[in-house]
Amino acid sequence: MPSYPLIAYDQASPEVRAVFDDIMATRKVDDVNDFWKALANHPPTLARTWESLKQVMAAGELDPLTKELIYIAVSVTNGCEYCIASHTAAAKEKGMTAEQFGELMSVVGMANETNRLAQGYQVELDERFRN
Amino acid sequence: MPSYPLIAYDQASPEVRAVFDDIMATRKVDDVNDFWKALANHPPTLARTWESLKQVMAAGELDPLTKELIYIAVSVTNGCEYCIASHTAAAKEKGMTAEQFGELMSVVGMANETNRLAQGYQVELDERFRN
Amino acid sequence: MPSYPLIAYDQASPEVRAVFDDIMATRKVDDVNDFWKALANHPPTLARTWESLKQVMAAGELDPLTKELIYIAVSVTNGCEYCIASHTAAAKEKGMTAEQFGELMSVVGMANETNRLAQGYQVELDERFRN
Amino acid sequence: MPSYPLIAYDQASPEVRAVFDDIMATRKVDDVNDFWKALANHPPTLARTWESLKQVMAAGELDPLTKELIYIAVSVTNGCEYCIASHTAAAKEKGMTAEQFGELMSVVGMANETNRLAQGYQVELDERFRN
Amino acid sequence: MPSYPLIAYDQASPEVRAVFDDIMATRKVDDVNDFWKALANHPPTLARTWESLKQVMAAGELDPLTKELIYIAVSVTNGCEYCIASHTAAAKEKGMTAEQFGELMSVVGMANETNRLAQGYQVELDERFRN
Amino acid sequence: MPSYPLIAYDQASPEVRAVFDDIMATRKVDDVNDFWKALANHPPTLARTWESLKQVMAAGELDPLTKELIYIAVSVTNGCEYCIASHTAAAKEKGMTAEQFGELMSVVGMANETNRLAQGYQVELDERFRN
């Protein structure tokens, strides 16, 4: 169970409700994920995290689906079950196919493998990577 | 220094040279990175790793630049200095801009932050992520 | 399920019981956590781990609650669900408030984020950090 | 070398200078760490990261030195050399003694050890940690 | 639940069945683990991963049980619950005793502890490790 | 540079010297690694870590070389440069060949890859791994 009870909308303070309202409006959903209901135990963290995430995940030089793929790559490398589940769901909603997910996993898998090979063999930076 | 001496082309066995030749031909470069010269200490690992990487990083449902961004995301999360340097160089060659790199880092940073918040608050999977 | 069956007090050897007795006496509880019942499958690891932990977590230059906060910070960064749950419970018993936990999580989250930004941008040590 | 050139104050845009000015004023220093000069390559990330860090590291329910200790605990667990160096320096400025650092490391070390023991033995949550 | 539905033998394409057949023949079992049924969602990853694993885990200069112990050591350090469970089962089938597992865990635990102590104290390579 | 100055034998207290003496006698060397000179800044951590390591790395149900291979596997997965260098040197002294190191790295690499594939596809424990 969560470290502290989830805080649902109707139990929430006006400060927390304002964040929940913005999440629902931005994502066009009618409830927020339990992640946000857990963060609501510390309103400044809830507000700051949402503001940052909203800014970072918006379309920019990288499109929203690419950003979700990157998010999944990090979450898988960190082994965060909740984040893998929620961002895989988000990526599917943004159009990710099983084939794209398969390629994503293959790159994540190989990167994790070669990261360790490079470290294990103690390979130093090639001269040209230093200049 | 590396765990075992780097093996340069002219010191390499025919088996190792064949892999080096394929790397240079595929990447259109005239030498291989020191990573491969380190792996050459164990020819089966050299050959297998290159075959896998060539297959995985080829254009598919995800384009090569997107695959490099994913590679960097994993390498940063694992703190692999060599891999960050070599794949950032590779991504720049494939057209990555400083702005795109900045957005990549911002997503990687936020994913690392929220992964830990989700785990720290012990948030369980929402009902709809389980079905 | 655990890799090996948990060993309860009444099934335990005298050697294991002596460790269990010391845990219960030190912590003023009437049973030990399942973590210790699992370690009891390898008595030398059980005894050594408990001796080390008892020494390390005792009051010293850092107070016991601060040590629990540090323990949680590491456990969250490693994604150890069992450790997060048990040490969050221990910290609450030592007086940790929801507000303190919220601040702890906010620092852990930002540290995880900036660790990756520093590594991703390959920032080298400032001259003054080297001297 | 950094992924992108460090941006010094006199090369910086007004937007970046405003952040640098606030860092220097808040920390009462006359230059910013290279970490910030690297982030200056992506002004939105620079501004957002600084705003978040300033908020999170300010005195609250946890005092500033405790927050630095937590920051170090995470940075060590992630193996971020730059962050370990800069936050150890910051903690020393806030009064951390060698003895306190030694206790910090001993807790970080034991937490990393027992995290793996709990996961390796696949210990499930005790009944009372679930309710 | 898995990111994509598990693909059982009788639902699988001939390409996937060929891999499943080889896994079952090599391991002398009459069904494959769910891991492979998940990878079957992306046949190239299924085939490549199995070919690599079969090659890497075969007897060589290291015997199969030693390879399983190494696999467990990595999986525990990464906190991969599925991998810990499946490779601990595989190691038991290859003769691992509870005592050997206990020693494995004790080494994994101490390595995780001292890795962090070395990084936390920022110990540089001794002269003789550099030459 | 280290977080605190290395403490050499002739600067050390009798308490620290006793540990250094035991390390040198046990390992049959005439100086201790810098790791121990760093830990000497906190004598209780120095003494406890050495006692634990001496016990854990001694021959038991697993032989000393196998224990070194496991140590390297963990250190590579954690990206601890110092530990990789020092334990690779120790393993070579105990007879590890380049071929054995190559197989070790291939297992470490594949384990890191498949750990992430299992987590990425969110594979749940097979029924038989739960009983």
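Note that the chains are named A, B, C, D, E and F in the order they appear, and that numbering of residues resets to 1 at the start of each chain.
Definition applied: a residue touches a chain if its C-beta (ideal position, glycine included) is under 8 Å from a C-beta of that chain, and two chains touch if they have at least 3 such contacts.
No experiment lies behind these values; they were computed from the predicted model shown.
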Please report the minimal path length, in steps, between chain A and chain F on the chain touch graph. 1
Could you tell me which chains make contact with chain A and chain E both? B, C, D, F
On the document's contact criterion, could you list the chains that touch chain B and likewise touch chain D? A, C, E, F
Report the chain whose mean Cα position is at the greatest distance from that of chain B. C
Maximum centroid distance from chain A, chain identifier (CA atoms): F
Winner on C-beta contact pairs when B-F is weighed against D-E: D-E
With residue numbers as the basis of comparison, which of the pairs B-C, A-E or B-D duplicates the interface of A-F in over half of its contact pairs? B-C
Computed distance of Cα centres, chain F from chain D, in Å: 26
Can you compute the centre-to-centre distance for chain A and chain B, using the mean CA position of each chain? Integer Å is fine. 20
The positions of chain C in contact with two or more other chains are 1, 3-4, 41, 44-45, 48-49, 52, 56, 77-81, 84-85, 88, 99, 102-106, 108-110, 112-117, 119-122
Residue numbers on chain E that touch chain C, as the complex places them: 79, 84, 88, 98-99, 101-103, 105-106, 109
Please output the residues of chain B touching chain F within their complex, sorted ascending. 3-4, 41-42, 44-45, 48-49, 78-80
Of all residues in chain D, which touch chain C in the complex? 1-4, 33-35, 38-39, 41, 45, 49, 52-53, 56-57, 60-62, 66-67, 69-71, 73-75, 77-78, 80-83, 85-86, 89, 97, 99-100, 103-104, 106-126, 128-129
List the residues on chain F that touch chain C in their complex, please. 1, 44, 48, 52, 55-56, 130-131
In their complex, what parts of chain D are in touch with chain E? 72, 76-77, 79, 81, 84-85, 88, 104-105, 108-110, 112-117, 119-122
